[in-house]
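The two complexes that follow have chain A in common; it is paired with chain B in the first and with chain C in the second.
Up next, the complex of A and B:
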């Protein structure tokens, strides 16, 4: 944010410098054109965002108005009697994304650290390329892989999960269910695999730009690789790392096809992660084509609006988190 | 600058109108994914014979109904018929196209295709979550010769809105008062239990992978994927296997010719050979569309009724009885003057 302010301050100076240097008029007008063009493109993003928000609001209004705040807390989703509530899907979206983050963040950190700090030079590029290729795989492929390969394989472990984790007092409830291989936990794991490349790629890039003198000083003082990662690299790249994690989270929240394939698509709440559930994006994908009545369609679009708001809240939380980290840093110094 | 842009747009618009005019040999339709294989197959041969292209987009019945109401397509296809009141209100007409059916498939070790026998009330109780085990006395009673495992039943249903679900739920509503009161019938419903797979292939792959599961899929899909299907007791109390003949028997017993706007649903019909979970797809047209457009559509389906039946059979769609086809032609004459 500070950098952009500085850039804005610098603009008039650059402009005067341009005029003073008595360059050809064409250059100035080209510059003028370029600046306005970039501004227009930037505005386009803001306008489309606003447009989407308005459209979702307008279309979802009927359902929101009809059900009021109960839309947010009701667990019933009945297209026949037209009683719609979003809670099942909100919970499903948050839980599957949370599982994804729990898996993706440590793994991505390990991958990025390996590439930037430990991998021999010849291995660095192939591993990096593999990550970028993973990011390019369409989500429906992940969905099919999840359904046809991962779920049957994972179902072999579910009896074990039932017997061991399911037997624990308290959290055992989370791990009891039929060994189907599909459900909230599977969806979260596949989502985690899907967002690893995004988080890992950003972490790798910023780890690589951590100034060598910083790291070398730490090593010189006898720090281990872990200590350097934990106390030098991570604090230095904190902002970008958080940004990367939230980018991954944003993708997980809105992921549709892969989740639809393996979350199990049951429109009811269950305590266990092994049971099928539903997310906002998956229920919209499932039911939009056959939503014949106004209220039904409106309820689905209202779900879209809720997803929008959830994503927005997540971004705000990320910003606040960074601000707090900055302030703590300031206090320490 | 704006003026020139406007005039250029106008030229473009005029040009596109002309190109539409020149390309009148095209019919657009949208809707049901169930009927898509049939319309697609018919349209290829129809284009070869007549040079007329039929552009059909399988966007789902709900989408098809919305598009025909908005007037953006020449015909919409739906697996769930509209009521005569709704048709009148929107200036629409509808007629059936072809007959199909669906059946329950299962994954039980040691029990092969066609060996398991089910009845409507038992299926309803399984899908209501009241029958939870395969060795439940209600299932055992229907299958005295089978050794049913002591295994939990995993119910599988469609997660996407679908005419297959509508037909299935409509059947259960007719069979079970409890189902009718608690769940009802629609293209998407509030399932009391189970997991949802996307599309026929989603349900089929769940069933193939989860031991002790049961699901419902279209008959064409059972044939194609060689799934273990159940036999059912029909309304007459006869034990039947799913077959085209069984679907056609269902159609023969509903009198399409007597129902206003062909508003009849083929599930749970009488007749010794009738397959209980039979269904149908309707085409919906606008009364106020240009006569040439409606004529192009009716000619296509007329051709399909006459020449497309063996093609339909090859992909597990049953032809309509001749009396129904005659009734449809009379209906066209009466409502569209064609």
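Up next, the complex of A and C:
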């Protein structure tokens, strides 16, 4: 709207200018205005990331200054005694995202392979659309469904996980706990479902732009479909596939509502994945409106800063890896 | 003993089978979630849902009128701020910076912003608006949502404008058209449906966002249209009601979830149709 207003404002200038036959200069000024207005707005968008960093740094400074490095490595989070450490939440964020990746990466690969190489033409678009719709469903719906439908259902399997995986030496410790349905594992699974569409979409796109001659020559040598996928398509698209996975990871790290519903919100570390935990995003969502003191609020904003920095690094890596994809598309076009 | 050839065929069959299962796995969740919201939500949709405000805890009846209106106000604000900014910035990227280093950098940062956690955007809006002004307000929520909408619009505008053939621009320039007129009258018009799609997808994206509203628009149990006060909105009401122990509240949360999902799916569908029609023409 601003743009069209600017255009409308600029139009009479040019029109009158034409009449006064002082054309070029007035035209240049309308052009100048439009070009610089749009440039300024674009810069504003780009700078907003820096703005986020500065704003969170300023607001979180009190806590960061007060606790120093211990803020990052302390596991205690006690609003009453005002002792705050972020480690529990950092670890919780990383574990839940790791579980999500373990689920989402192979599934996304399968989906991308199905859509790009196996599905008959008529099935391609509907399946693609269905997977994309998974991304359109808001995270609050995932959370609500996760808490009220998925968790009670999943708790039926937890005794089995206890008995079988929990009995294994070493990693058994990860799978022991009461069958509550909610907890780190459930949150990771729901997160995994949520990031499938992001990873699958990128894998599908890069699989589809793998040059046909490359695949055909492998088929001509007698390779099976799986061998072509595994030994031709995947190596060719490896960088972009990794980028897609990082993009999914970036989503998982910052996902808030679904995790808040399902993770159980316990402010301590436990070895078992079946026990409740917390992520950075979930603790901010849960406690922000309850944070009455300055230091408490500042600690939560400092957590937000940590989350922002982690996701920023992951997303930059993702985009750098994906730049190759743009170049490949450019070559095709 | 099976031959090497047979083993390769078996491995192939097995892995392709797993790929099909993975696809079914993905679609399975979609159907389950949609079916759940339909089953619990559709039955609770009635006239009162749209004519009555959110009920007090533990009481029966009530609706989500204030939440629907609040959400529409927030969406309206976000679009009013975000759409012009996004379209202008996208225009700059496509028309003035297509081959420049600076343009590539802005595009890169915009993509990062596109994937940035929405809770961080909410904290940012808190830091720049709520904290200085000293109170939660509807407009801070609108700004937070606009910040999420902007990168979506920037990206689609940029992509759609770059699809406009260069010969169209050259033809206009050859006639002596000033650049601003070329953009507003020709390239914008040529890609209008694409830009509209971007805005629609952006609205679909923000209409379910909850995290950025936690620290900005908050929630309001009562009817309020004041932009300077906390305002009721659908995502926050769903959050509060779904977490509550009251069956009436949970029922309303499902109804709200159903309306939200239906709204978002409709928007996505319309956006898809616009794109398809644009491609066919």
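As a working rule, the second predicted complex is superposed on the first by the 269 of 333 C-alpha atoms of A that agree within 3 Å, B and C clash if a C-alpha of one lies under 4 Å from a C-alpha of the other, contacts with A are read in each partner's own complex, and residues count from 1 in each chain.
The rule is short, and it goes like this: a residue touches a chain if its C-beta (ideal position, glycine included) is under 8 Å from a C-beta of that chain, and two chains touch if they have at least 3 such contacts.
Values in this document were obtained by computation on a predicted structure and should not be read as measured data.
What is the contact status of A:316 with respect to chain B (first) and chain C (second): first, second, both, or neither?
second
State whether A:264 touches chain B only (first), chain C only (second), both chains, or neither.
first
Using the touch definition from the top, say if A:253 reaches chain B (first), chain C (second), both or neither.
second
Answer with first, second, both or neither: which of chain B and chain C does A:58 touch in the superposed model?
Second partner only.
Figure out whether A:140 sits in contact with chain B (first) or chain C (second), or with both, or with neither.
Second partner only, chain C.
Chain A residues in contact: does chain B have more, or chain C?
C
Return the residues of chain A at which the contacts from chain B and from chain C coincide.
147-148, 261, 285, 288-289
Report the residues of chain A in contact with chain B in the complex, numbered from low to high.
76-81, 147-148, 151-152, 155, 178, 180-183, 260-261, 264-267, 276, 278, 282, 285-292
Can you tell me which positions in chain C touch chain A when the two form their complex?
Touching chain A from chain C are residues 8-9, 11-12, 15-16, 18-23, 25-27, 29-30, 32-34, 36-37, 80, 83-89, 91-93, 95-97, 105-106, 108-113, 115-121, 123-124, 126-128, 131, 147, 150-151, 154, 178-181, 183-184, 204, 207-211, 214-215, 218, 235, 238-239, 242-243, 250, 253-254, 257, 260-261, 264-265, 268, 272.
List the residues on chain A that touch chain C in their complex, please.
1-4, 7, 10-11, 14, 27, 30-31, 33-35, 37-39, 41-46, 48-49, 51-52, 55-56, 58-59, 106-111, 113-115, 118, 127, 129-131, 133-134, 136-145, 147-149, 193, 196-197, 200, 224-227, 229-230, 247, 250-251, 253-257, 261, 281, 284-285, 288-289, 301, 304, 307-308, 311-312, 315-316, 318-319
Quick check: in the complex, which residue numbers of chain B touch chain A?
Residue list for chain B touching chain A: 59-63, 65-66, 80, 152, 154, 159-162, 183-191, 194-198, 202, 205-206, 209-210.
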